[in-house]
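In the two assemblies presented below, chain A is common to both, partnered first by chain B and then by chain C.
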Partner chain A sequence: MGKYVLKRLLMIIPVLIGVVVIIFTINYFSTVSPAVILCGANATAEDIAAKEAELGIDRPYFVQLANYFWNILRYGTLGTSYIYKQPVLDMIGLRLPITIRIGFFAALLSAVIGIPLGILAAVKQNSVFDYISTILSIVLSAMPAFFLCLILMLFFSVRLKWFPVQGVESWRGYILPIVATGVMPIAMTTRMTRSSMLEVIRQDYVRTARAKGVPERTIIWKHTLKNALIPIITVVGMNLGLSMTGSVLCETIFNIPGLGLLMNSSISMRDFVTTQGCVLVCAFIISFMNLLTDLCYAFVDPRIKAQYKTAKKPPRDGQEPKDGKEAAA
Partner chain B sequence: MNELDLTLTAEAEETGQSRFRLMLKRFCRNRMAVAALVFLTLLVLSAVFCDRLTPYAYDAQNLLEMNQTPSKAHLLGTDNFGRDILTRILRGARVSLIVSVMAVAMSTFAAVILGAVSGYYGGRVDNIIMRLMDMLGSIPGMLLSMAVSAALGTGLVKTAFALAIASVAQLSRQLRSSIMLMKNSEYIEAARAFGGSDWEIITKHVIPNCMAPLIVQISLSLGSTIMAISGLSFLGLGVQPPTPEWGQMVAEGQSFIRQFPHIIIFPGLAVALTMLAFNLLGDGLRDAMDPKMKR
Partner chain C sequence: MNGVSLSVEEGETLGLVGETGAGKTTTALGVLGLIQCPPGEYVRGEVLYKGKDLRKTPEREMRQIRGAEISMIFQDPMTALNPVMTVGEQIAEAIRLHEDCTAAEAEKKMIAMLEKVRIPAGRADDYPHQFSGGMKQRVVIAMALSCNPNLIIADEPTTALDVTIQAQVLDMIGRLRKESGTSMLLITHDLGVVAESCQKAAIMYAGQIVESGTVEDIFDRTAHPYTQGLFNSIPSLDKKLERLRPIRGQMPDPTRLPAGCEFAPRCPYADEQCVKEKPGMVELSPGHFCRCHHAGKGAPLYFPDERVNELAYDHGLPVSNPGNNILGKEAGQ
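== the complex of A and B ==
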């Protein structure tokens, strides 16, 4: 198991290197130079060239890229922001806790509400409750994040004045962003839990358990849920990774000084170093969450645990949970 | 033949109906999916004929009729420049649909090639392509399209390209897994035994047989792309004024949310309803093509 974890942790490194190369390349070929934005509208070509030289962005592609990696390896820094003139790592360090707080609670909310709703909908299939929860989850998953944020703000902050319109000075400021970030994951978790439970409920061993006279409660909790957990864990893990990297739209609308807002401002101001740093941190969080999700499989399914002991990575692609289980079986 | 096709073929043989007819029959039984298809058809038609449907021009400002709530003259009211919101929503539908179709076409084209090569050949080629997709997939989609959009500049094709890049990884992974499932089927083996080249087998047998899951995926992608376009435009990185786009309309009305919430509510609902319709259509198509997956 330890060997497997170590192997997976090492496998994150090439992914992160690739991510840096991708985002660096996108920035390098940007049609607008950060120097143009920094120098303002009245700058001459000389001013811009001087600024580019100062920022080091006039050098060839490979020199800049190598420099970036060298700074990470040698000095452990992610560069200095063009706009804020502060070390990118410090800026991220200041903002990440806020984003993680929102993301974690949003993912928690999605699990706490989505899983029981999905189980109930599956157990009471074709009932009124099932229809309502299915319709609600379909409708909620179609809500654009920015629209949901604004509607929540309109009702709960502007009309009812229960929560502040902007900022996270007190705990009240966190409520609406957490709800707004959590709505889509709640819908996804409910749908996935329902369909995964239904798939297991139809299995022969559940029928056998029923025929043996096992109480319904035991059938649901012990036989069905336990076997339906893999896809649910996948969705919860995915939601956790995505929401912890910050919702750009949500943080922008509620003016929350988190990673999302920093990414939005750095991308629109062409602050390439900050963008690269933020994307690198996001990619690390997502990769790490993927690893944690895979490790959770081992606790739920002994067949997968046995596979990990031989230090093999379960197939994650496509119908991942099903494949994983089949491969392990 | 993949599992999806086998189910249909078996049922088609049993009932003596063609596979297409069976699918159509099953699709028509799903009322929500039919309603979604009708809504989307109307949306496409109104996007095409939007200039003739309302008496207003999408960019005609009328400062005497600013911020009006819905009335007979302006069914969905007017915005802060006195422009008719309904006209702008219909015109916005044209933009959203064009960009999303372009984006999905680009990402599907790339994903079909990458997924087919990766799934069919396997081994080292598969490993390289999938590791590249892992890298792309580790960057949150919204962030990737924002970065590409900021780098390329704005414009319909550029925005579509930015959105396409963000969805290639997921789409090609899904295609790869469907192709891997069918790679060892007997009919592929037979095609190989007849001396078919890899290119022939991929284009004539593998890709056409992946069409069912691909069509479902395309429908779902169209919806999520429309949502992504509106998100990008909301942040000022997608479609630029004066061309109206739903997300951009919401962003413009944001400052008036206290006094005139209708300015943001109608375009926001347009995004939500369109996304909902594409999702329902996708679900309906999946259920029609593969009854085993129906819940």
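== the complex of A and C ==
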């Protein structure tokens, strides 16, 4: 298992390199140079050239790219923001905890609400509850995030004044962003749980359990749920990765100083080195969450666990049964 | 399902035979009340177990009966075991549910059950995917027998298995059944299996029992054309046949059954009456029932293959009944 984890961690490295190269290339060929924005409207061509030289963005493509990697490996930095003149890593370090807090609780919310709702909808298939939850989850997952954010803000912040309109100075500020980020994952988790449960509940081994006289409650929780968990874990893990890398829209609307907002502002300001750092961190978080998800599979399904093992464990008492003649005797 | 009436006495084995889709499994699940409703529906009828109608038994009590008094061995061992529970857990679960015992006692009994089906105790912590098909079926058998049920319903226990494993599994079921004096309803489409391990047999066609009686009734005094058809589809060791004579055609769609006898469209003896009128159950001899207009009237319906009968005649043998091949008896005895 340890070997597998190590292998998977090492496999994240080429992914990150790929992400950096792609983002860097896109930025390099961007039509607007960051120097133009930094120097303002009245700048002369010499000002801009001087600025470009200062930022080091006048150098050839490969030199810049190599320099970026060299900085990471040699100094462990992601460069310095063109605009704020601060190390990108420090800026991300300041904002990431806020985004992770929101993302984690949103994903938690999706699991805590979505899974039971999905189970209930599957157990009471074709009931009124099932229909309502199906319709609701389709409507909610089809609803654009910015619209939901605005509705929540209008109703709960502006009209009811329960929560602040913007910022995360107190815990109250977190509530609406968490709900807004969590709604779509809740809907997705509910639907995935329902369909996965329905699929498993029709399996022969569930019938076997019924024929053994297992009570319905145990059938649902012990025999069905554990088998239905794989797709559910996939969705929850995906949601966790996605929401922890920050929702640009949600953070912009609620004005939350998180990773999403940083990424958004850095793109519009052509602060490419910051954008690059943000994307790199996001890619790492998502890769890491995928790894966690895959490890969770092994926890749930012994067949997947067996695949992760590099060496087969020897049978306990060393005597493999001879399937053929011995049994017939 | 319509007009199904079966009875299994204590310690007895009843074979339920029929083509795929005849309703054998549905009958079995119906006994245990395990048919999914909807789309399934129990219209009427009763399932009597020790004089008690299981159809009217509340679900809570049914759970005590399932697994403990009536248990089931399923057709496909590959899918009948829960892939995420160890086989030990799955067997012990049945014991814990029905017997008043501690976890340690259940564990002990589970190990004993495993050993009874010749699986070493050390494999109890393994998962179903680590077992071969034959071993999985033995686990299913251990699970079904773990609470010493009074009735086992074995639903084609060997169909999904390799031919070489089939005999072992059947032997094992038979041996364990005899040891505990359990009754059994053996569902199969293999008449050879019925001859070997059953005392009584019932032939099912399109959701109905068309012939039932003792194994001797069915094999020696075959009355229903469908039963004969089944026998004709089996190759024989001692008769030379150029080709088998399968029953032509397909079973009717259960939602659009013919107006007359269900078997009439495929029956070589069908006449006008058969097409128009549904036959009732006729008792040919005590305990031997047949659902056919022609049954018991005049000459018995013998093997329709003229050539084989001619051969038998040439050798000075009485015209034979095909069932005898399977019972291993001399023709005409």
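Methods note: the second predicted complex is superposed on the first by the 310 of 329 C-alpha atoms of A that agree within 3 Å, B and C clash if a C-alpha of one lies under 4 Å from a C-alpha of the other, contacts with A are read in each partner's own complex, and residues count from 1 in each chain.
Quick note on the criterion: a contact is a pair of C-beta atoms (placed from the backbone, for glycine too) under 8 Å apart; a residue touches a chain by one contact, two chains touch by 3 or more.
All values derive from a computational prediction rather than experimental measurement.
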Chain B versus chain C as contact partner of A:G79, first or second or both or neither: neither
Chain B versus chain C as contact partner of A:G114, first or second or both or neither: neither
Which of chain B and chain C A:P177 touches, first, second, both or neither: neither
Partner chain in contact with A:P164 - chain B first, chain C second, else both or neither: neither
Which superposed partner A:P302 touches (first chain B, second chain C, both, neither): second
Superposition-derived comparison: chain B or chain C, residues of chain A touched: B
Which of chain B and chain C A:G213 touches, first, second, both or neither: second
Interface residues of chain A shared between complexes with chain B and chain C: 317, 319, 323
Chain A contact footprint on chain C (complex, rising order): 29, 32, 34, 62-68, 71-72, 74, 76, 79-85, 93-94, 97-98, 117-123, 125, 127, 129-130, 132, 134-135, 138, 140, 143, 164-165, 167-168, 171-172
Complex interface listing, chain A residues touching chain C: 203-215, 222-223, 226-227, 300-303, 306, 315-317, 319, 321, 323-324, 326-328
For the chain B and chain A complex, residues of the former touching the latter: 130-132, 134-136, 138-140, 142-143, 146-148, 150-153, 173-174, 176-178, 223, 227, 230-231, 234-237, 247, 250-251, 254, 257-258, 261, 264-265, 268-269, 271-273, 275-276, 279-280, 283, 295
Contact footprint of chain B on chain A as seen in their complex: 14-16, 18-19, 22-23, 26-27, 29-32, 138-139, 141-147, 150-151, 153-154, 158, 194-195, 198, 242, 245, 248-249, 252-253, 263-264, 267-268, 270, 275, 278-279, 282-283, 286-287, 317-319, 323
